[in-house]
Amino acid sequence: MILIQFLNALQFSMTLFLLAVGLTIIFGLMKIVNLAHGSLYMIGAYIGLSIFNYTESFWLALIFSPIFTALIGAFLYTFLFRHIQNADPMKQVLLTFGLIYIGLDSVRLLWGTMSHSISTPSILSNPVLLIDEPYPAYRLFVITVGLLVLFSLYVILEKTKIGAKVRASVDDPETAQLLQINTDKILFYTFALGCGLAGLAGITVAPILGVEPGMDMEVLVLTLIVVVVGGPGSLKGALIGSLLIGFVDSFGKVYIPQLAQIIIYAVMALTLLFKPDGLYKR
Amino acid sequence: MRAVNYNPKLRLQLLLILLSISIIANIFGSYFTRFFIAEITILSIFAISLDFIASRGGMVSLGHAMFLGIGAYSTAILSINYGISPLSSTLSTFIIGAIIGLIIGYFIVFLDGIFFIMVTLALGEMFNAWVFTSDFLGGSDGISGIIRPDFSQIGIDMNNPLTFSFYVILWLLGIYFLLTKITDAPLGRNLDAIRQNSHRISAIGGYTKAYKAIAFSLSAGIASIAGSLYVQLNGFISPELTHWTVSGEGLIMIIVGGIGSISGAILGATVVHIIQHELSNIINWWMLVIGFGFIFIVLFMQDGLWGLLERIQKKLK
Amino acid sequence: MLLSLNNINKSFGAIKVLNNVNIISERKECIGIIGPNGAGKSTLFKVISGNLKQDTGDIFFNNTNITNFNTEKRARLGISQSFQKNSLFPEMTVKESLALALTHKYNVSFNIFNSLVNNKNINTDAINIAKDIGLSDYLETKSDNLAYGLQRQLELGIAIACNPTLLLLDEPTAGMSPLETKEIIKLIKKLSINYSIILVEHDMEVIYELAKRIYVLDRGSLIFEGDQKSVKNSELVQQKYLGI
């Protein structure tokens, strides 16, 4: 039983991680908190829905939805964010807030206001037996996707040159700027990647949670809390924060349902009190 | 973060213009017009509460709808469960809101602007989720049966939309007067300076955290009053009042009006509410329009409509 | 003794930036701290002002132990600072900025009833301070619209408006032309009559004109202390700073 809860929590954490890591890297590099990050998650789910409905293949949706979301991110960067790079940070955040409105209505216009669902692919539809307890194979898949992304990011960041540049830009932006590492190209790819990851989170979770307008805000708040608690700009913080919030929320809902709502906010409040820069400083 | 120029004269002129228009529209308008004016007035109170902390302290809150909710639900509970008079309820919600604002403020005012937005957004969502699922507060059905103040002893019928409309206008004027006093006084000036450079205020010995917490608390109390009046206007509450889009609308109102002038917030509330009302009758993608409009104003019209008025005033001189 | 720093040590990671630094400042004294770039001057300045916490060592001001006091608290005790990079209120005029700073001198910052522009005492005081710092002609000019040199003057003005006991000046002549520098030196000379000053500077000539006693910092350690003459004659200092 507890293994099942553990896995549920892990799955939730992995989804949060996919979202938080994108948001935190974008913040670390560009000092922008993209409030429309949740919208990209939602759009990823919807695009995946359309691909699924059209091709009847979940796998195609899984592959192409993040690509499309990344393209949207690239578009947003090129035509909006790049030009306001040096503006007042407040202004930038307010802009992303406007994007939430656009994202929400776009989704409603294109797909309607009803909620939709995507069925899990047939290979993963049968439960897997874990120590005599059946467990949905699809959730294990989501965990795997999360871990794969985690591993890939680790490899890219630690072992490649471009990864080193990204790390330098996040850890020490002033020096990076002096050395001219902090180039437009890096920002472009990182931003698109962050958005793509949000889309990936959306499509992988769609078979479990469904697809509906409004899913953008629910997840945004949790992602923001993860980023605030983990430490904005810190990749390690995104991971630890996702695990912390994911587990606290999942186990909280099971064992103390009345307090489950506020327990996450309590975690955030405690972090702000004792470690205002988050668990892991940039 | 930028705010409009500190110009008490224009501030008063704008208020008087808006006040005159609303009085005339109130007297000669239809039932619906009066209701609409009351609505705009209450939204203006909400907008002013947001404007105050944004321009005095540099705190942009995306969760302020929670205080609308606190004011609304407290009023409902106080008047229905405890039989407290609506007027006393409204006054009580100011205190309740201010206290809760002070407690929350203590935790969050030291946060940098961007994190402040994130945390207030999260807090607002938490409140919204709680309100939606709380049986005590009526859940998604809300609470109905809220009454307006009873001034029949002095011959005033609050159920008459004309009188209630003037009643809320009086509240707006009272709050306007209170906030202009504070804005012009040393505390307000220090808060303005904190928005421009909080580092320096600390360096000259200012109690930065305390000033900001007081401002936030006051703002919370005022937003609660707006919530209280709102439910008395409608007679019922639905938990949608605490949705993030309401906080967002408030933000749009103060940016359209021009952050920092108090009267600008009233103007912004009026313009945005009218546009939104008209738009939603014609098209069902008005959020798209608002989103683009918002982005446009943030990019190109930093001082909002106030800025426009200032330029017109200069040209007329 | 007004201010004393005792055995101050500060490291950033593996780098020792301040090594057993001891500084004393007396009333109505103007002392200078000089050193090349990287000597630790700004770190030392931040430790005195409270913007940075030292690793070990303590600080006493007027017999009060302020070692653990943050900037706000130290400012309220009478330690005021001006910054190397202008730290002004961009949207406020000269008069407004000074009046604002004066709300702290007069302890009325929590007042919510009386309009600041109508406060006679504060406004008169603001006009006087503006006169002292040479900005009488610019009372209604926005800080953002002032020329750089005038901004530096306002920078000082805000610091003295709080009626401090000790003034900390961080490279007051930073970025100034020779003419502007002359003006600032004149101004600081005037100030040193009424205020105790600790001056951190890069420009030796400025220090020679203003400071009675000079501390010389090199790579985190104090290598010399003395008056202008002895600093000029010191071989050690000459060795370290050939050609400053």
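For reference, chains read A, B and C in written order, and residue numbers begin at 1 within each chain.
Definition applied: a residue touches a chain if its C-beta (ideal position, glycine included) is under 8 Å from a C-beta of that chain, and two chains touch if they have at least 3 such contacts.
Quick caveat: nothing in here was measured; it's all calculated off a predicted structure.
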Quiz item: What chain lies closest to the overall centre, CA atoms only?
Solution: B
Practice problem: Using mean Cα positions as chain centres, tell me which chain lies farthest from subunit B. | Solution: C
Exercise. Could you give the separation in Å between the centres of subunit B and subunit C, each centre being the mean of its C-alpha atoms?
Key: 42
Self-check item: Inter-centroid spacing, subunit C versus subunit A (mean Cα positions, whole Å)
Solution: 47
Practice problem: Just give me the whole-number Å value for how far the CA centre of subunit A lies from that of subunit B. | Solution: 33
Exercise. Please set out, as single numbers or ranges, the residues of subunit B touching at least two other chains.
Key: 2
Quiz item: Quick one: in the complex, what on subunit B touches subunit A?
Solution: 1-2, 60, 62, 107-108, 110-111, 113-115, 117-119, 121-123, 125-126, 129-130, 133, 244, 248, 251, 255, 285-288, 290-292, 294-295, 298-299
Quiz prompt | subunit B contact footprint on subunit A (complex, rising order) | solution = 33, 35, 84, 88-91, 93-95, 97-106, 108-109, 217-218, 220-221, 224-225, 227-228, 232, 261-262, 265, 268-269, 272-273, 276
Quiz prompt | subunit C residues within the subunit B interface of the complex | solution = 49, 70-72, 75-76, 80-81, 83, 87-92, 96, 99-101, 103-104, 108-117, 119, 158-159, 161-162
Exercise. Would you mind writing out the residues of subunit B in touch with subunit C in their complex?
Key: 2-3, 5-6, 181-182, 184-190, 192-193, 196-197, 199-200, 202-208, 210-211
